[in-house]
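Following: one structure in structure tokens, then a few remarks.
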Amino acid sequence: MSWNTFGRVLRFTTWGESHGPAIGVVLDGCPPRIALSEEDIQPFLDARRPGQSRFTTQRQEPDQVRILSGVFQGQTTGTPISLMIENTDQRSKDYGEIAQSYRPGHADYAYDAKYGIRDYRGGGRSSARETACRVAAGAIARLIIPEVTITGWVEAIGTSAIDYARFDAGQIRANPFFCPDAVKAAEWEELVDSIRKAGSSVGATVMCRAEGVPAGWGAPLYGKLDADLASGMMSINAVKGVEIGDGFAAARGTGESNADAMAPGAGGAPEFASNHAGGIAGGISTGQPVDVRIAFKPTSSILTPVPSITSTGEATEVRTKGRHDPCVGIRGVPVAEAMLALVLADHKLLHRAQVAKR
Amino acid sequence: MSWNTFGRVLRFTTWGESHGPAIGVVLDGCPPRIALSEEDIQPFLDARRPGQSRFTTQRQEPDQVRILSGVFQGQTTGTPISLMIENTDQRSKDYGEIAQSYRPGHADYAYDAKYGIRDYRGGGRSSARETACRVAAGAIARLIIPEVTITGWVEAIGTSAIDYARFDAGQIRANPFFCPDAVKAAEWEELVDSIRKAGSSVGATVMCRAEGVPAGWGAPLYGKLDADLASGMMSINAVKGVEIGDGFAAARGTGESNADAMAPGAGGAPEFASNHAGGIAGGISTGQPVDVRIAFKPTSSILTPVPSITSTGEATEVRTKGRHDPCVGIRGVPVAEAMLALVLADHKLLHRAQVAKR
Amino acid sequence: MSWNTFGRVLRFTTWGESHGPAIGVVLDGCPPRIALSEEDIQPFLDARRPGQSRFTTQRQEPDQVRILSGVFQGQTTGTPISLMIENTDQRSKDYGEIAQSYRPGHADYAYDAKYGIRDYRGGGRSSARETACRVAAGAIARLIIPEVTITGWVEAIGTSAIDYARFDAGQIRANPFFCPDAVKAAEWEELVDSIRKAGSSVGATVMCRAEGVPAGWGAPLYGKLDADLASGMMSINAVKGVEIGDGFAAARGTGESNADAMAPGAGGAPEFASNHAGGIAGGISTGQPVDVRIAFKPTSSILTPVPSITSTGEATEVRTKGRHDPCVGIRGVPVAEAMLALVLADHKLLHRAQVAKR
Amino acid sequence: MSWNTFGRVLRFTTWGESHGPAIGVVLDGCPPRIALSEEDIQPFLDARRPGQSRFTTQRQEPDQVRILSGVFQGQTTGTPISLMIENTDQRSKDYGEIAQSYRPGHADYAYDAKYGIRDYRGGGRSSARETACRVAAGAIARLIIPEVTITGWVEAIGTSAIDYARFDAGQIRANPFFCPDAVKAAEWEELVDSIRKAGSSVGATVMCRAEGVPAGWGAPLYGKLDADLASGMMSINAVKGVEIGDGFAAARGTGESNADAMAPGAGGAPEFASNHAGGIAGGISTGQPVDVRIAFKPTSSILTPVPSITSTGEATEVRTKGRHDPCVGIRGVPVAEAMLALVLADHKLLHRAQVAKR
């Protein structure tokens, strides 16, 4: 994990700014002879793409991905896979006024404090547009772990949480909220609409689950599967919290309430009575579903004026009038899924490096 | 961050098992000419040391650290600092019966699934004893960032949380719980005692704050300060959740409630009206206190029998009779503080690598 | 240094195949606020560009570099700099016949043995075309170390070596051989012409010198400046040997003949009587010029038929009729210079990470 | 490869100074369930150990290695293996006078220029004593690659080279020079004796060969097997040059003289007519023996006074009277073998990470 590179043996490096000519990602370490074309990647980008409903930003980007290297005659060659997405809808004029003042809650001030310069157009490098690159890389990661099924959903928008009694995975793609609870999805239409009309924003909690992960991926102590997941998820724009399994709820319980009893299972693997651990013990997968929950803060781009300062240190107020997501957590679902796929694929390769196939 | 190494330019590598002859850590990349002796490290180890009150494990380890390299005439030389702590109280007999069965909630099964072998004595490598090495390395990290003050405390034990209206930093070291709320500390004596006597365990929430971090440390996107903190904290034994600033609470709020308004401050730096962001925006420090909250699960070592399996796949029950902490989160405070110091020191050095002193 | 990434805190990742749509490099970790435009990079690419004289391959590539990210209003921003060069002259038909047989001395067989697939067009990823990316990245690295002057030259073609008594740095860019000896440059015209006309190839020795490197860059033991130089240089296509200072000649001498006596010099720095060490002692720069010598093998692409095998294991013969350099070492000069710049820039940043500016 | 850590997935970190209490190495990433005890390591340390003949330094160190972690019931567990060797013969008084002056050709000045402090006792961290740690780690690396046989020998001492017509591998361990040519070994007794008696020193060339390396280890472009070998070998104390296969001799030849013709071989693998490439093409092993040649400079520790400066910048002269090797290259053989084993073992694991067992 370096500045703009994530991963250990399956590594990706992203580049590009919100309003530059393009953004892109180079994925290195991919196993050879995996069938791959743009069609394997595009559906995931489409799922994340803005402008598809009134509940996300109205920025219109086709987000067409192009494979520039690493694939020959329809198969990966083991060399770096370079993916590029052109930026087509760059309304720089929207951002003119923030050139001189810091948007509270955004990275504007921090970037300037660090680098003494920032590309203020659309947040530049700090824009969530970068997450398209993760989604593209994640689509390839999924092909490396065909044994694993990854599913993400929105668990709550603001204080409005789904009811797990109504959980239906088939609903997730059937509404614009990645919501597995049809009743709640209907409620969220109204909720998010009112937020959007008010020029406000709201946070969200996203849950991601990987089924089919065999026991044994991950490694003590600083290569723990959960440590890498925490790093990868926390690196997503607007994420402020990460939980594995029961997370903070586990901290409120006892050893008895948190125990995951085991019994002899089919095929030699144990059968677990519960999954408080979220599929990871001691940093290593147990064979249960890997559960990760992440908290997206409400975007700071709101119509309500917030006191701030200019880049020369004077008092000002900032109101954000650009095209923004009322709830960035919604489009965070495909991003979180991609990060989960990327971490798991990396650990699959790492596991066979040290232990080989057993 | 590799298997047993953490950090980018300030890197530490830990080694050792709970019941081997010793544990240790090699810290590499430390700046030269910092005054250092065992006396700078020992107090932090003493704070973490087991057996100091009836509320922690009764294992008796003097945990005397010895500097084996990297220091000459009382100063760091810039070469690797090797620290070793001998294991003296190794009652291997306590663990005989778990050689053949997996303790539910522990890493026993996962280690075996991965490696096909495990040092079962006291959990071997997966024992929380490893955290002594982090604390030792962290003591040196603090010397690299003298501008920063790090304070950790227990925020809640189980469902019993402190009242921030009674927050008194001076109390933290005055009770065996690292509790800043004297009233709550008194309550916790009874609470933890009852847990201990019942052979049960309880989770805890720990808060860590770093004051004095200048704006500009950290880096987008996979070298984010919060991503590294998430990785470092999640790598601590028994941790299941990490929050920066408001964390999951932010996900329940709106852009208005989450805004950290800025005003012109003294010395050119902005004055923030609040710190929902926990001192980090876009992965870069803002100059506000860096706030990290972590969730410790209750240890799985309890007297209540839990169904499990043997290493040959047969049904069994496991009751843990060894000497264990009723609440591992308590001794997690010095560990979390150490990880915070290590991440910050690393990022201080990284920042000056790319941007130099400004 | 990972598969396609080089560097520690100044890292670059290259991608692309000889006959794909483009090649490129992402440079990460560059300090901010350095003036940068395509014009700073293009001259170095032009110096390496094929087809400029009859002594290099006749492949015609304009090698126009395009900056896609990391620069705003003419300055670096500290975020990744993505550079792309389109491939325009892709005569794939030249390579049709090598699809089924392995060119001896090339990477064809090794790639297939490793990956089970290879992009055979022009050598695919193993083509020396990749070195254009290093040259582009190296142009930026030079801007990070303005205190350093880097000069490379061809020291010998085959057995025909320059006479250092005639060394004239001004000659290096005045002939198509990067030859500092005008007399030898004239001889080489005939030599290389005859090699070219015979469809043969010849090796070369290239020397690179960095002047102005302050004492103190580099680090024991696996971050030695010379270890990184060795890795970087050996990673260049066709390089089979690396020497620092006197190199193998030092192995034939004595402690007396190899001693670099020191005397008090101006400004506190020592004055060295000689530079057998090539400017590096214990892996750390001494303030003397850093001297690196590398050996380029003759390219294996020759007209003389060489026995080989097909990809299905049958005997065959391979004659290479494509457009190739009779002496790849010549165009290796800008590449070696670039690698020297990249290693030094990385170590400048690393040095200030650990030790800061002194 | 970081400051004191080498390797990618099989990583070792060394620590310790020549005259500190101990030196050591932590090897991380070792596959589990490999039988390992001190007896597997000690013979390699004994081969490198000083004081065994009058041709090496008379420093007397038993160099007894102790395994402190990572092994349980005689088998590796997959967790870090910590090895420690105590320093017993620390005659610090020998080095008193160099505390204030820089030994020319040594790292003394460079360390001070970098760090502003140095442990001058016996060269501190820059002492070749560190290489014992590599030898210990290398002994374990060999167990990871049982299919590979590694053999190193001295090819030349000063200008006196062996005659390959008399090459007999059985001779290598039969004389104190790791010399495969019995005639030359006899000559070297006199040669090295005269150098030793004169208080002088002499360089040497060491050759290392790995047989049994399958085709496919290594990776383009910055993870090339030869790039890693170059880095690893150049990081050894006193090494100034590295060659793969024909090395610099290849630069003097033509495409015809350098061609390694292939023919159909047994078991599907090609049969090569020669091995100019040293077993590596495009950074990937070809299945031929991997040949690496390295140049050791003569140690700078000689009795002849050499002009130098003091640490306060005044003129002085340095004569080295301590116990030193007249030819450090001799004891370099086990060190170079160890580095070759470590690089190969790392690449075996990396290969199966990306490509798995085929």
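As written, the chains take the letters A, B, C and D, and residue 1 is the first residue of each chain.
Assume a residue touches a chain if its C-beta (ideal position, glycine included) is under 8 Å from a C-beta of that chain, and two chains touch if they have at least 3 such contacts.
The shown structure was predicted, so the numbers you read here are calculated from the model rather than taken from an experiment.
S.K.: So subunit C and subunit D are the same sequence; what rotation in degrees superposes their CA atoms, nearest 5?
M.R.: 180
S.K.: Is the number of contacting C-beta pairs greater for B-D or for A-B?
M.R.: A-B
S.K.: Round to the nearest whole Å and give the separation of the Cα centres of subunit C and subunit D.
M.R.: Computed value for the inter-centroid distance: 26 Å.
S.K.: Report the inter-chain centroid distance for subunit B and subunit D in whole angstrom, where each centroid is the mean of the CA atoms.
M.R.: Chain centres of subunit B and subunit D, defined by C-alpha means, are spaced 39 Å apart.
S.K.: Could you state the distance in Å from the CA-based centre of subunit A to that of subunit B?
M.R.: Comparing mean C-alpha positions, subunit B is 26 Å from subunit A.
S.K.: Quick check: what residues of subunit A touch more than one other chain, meaning two or more?
M.R.: Residues 2-5, 8-9, 14, 29, 32, 78-79, 114-116, 125, 219-220, 355 of subunit A touch two or more partner chains.
S.K.: Using the touch rule from the top, collect the residues of subunit B that touch subunit C in their complex.
M.R.: Subunit B reaches subunit C through residues 8-9, 29-32, 78-79, 219-220, 349-350, 352-357.
S.K.: Which of the residues in subunit C end up touching subunit A in this complex?
M.R.: Of all residues in subunit C, those touching subunit A are 2-5, 9, 11, 13-17, 20-24, 26, 28-29, 32-33, 68-70, 72, 75-82, 114-119, 124-125.
S.K.: In their complex, what parts of subunit C are in touch with subunit D?
M.R.: 1-6, 8, 14, 102, 104-107, 109-111, 113-116, 125-126, 130, 156, 158-159, 195, 200-205, 214-224, 226-235, 237, 240-248, 250-264, 268, 270, 273, 276-278, 280-287, 295-302, 304, 306-309, 313-315, 329, 351, 355, 358
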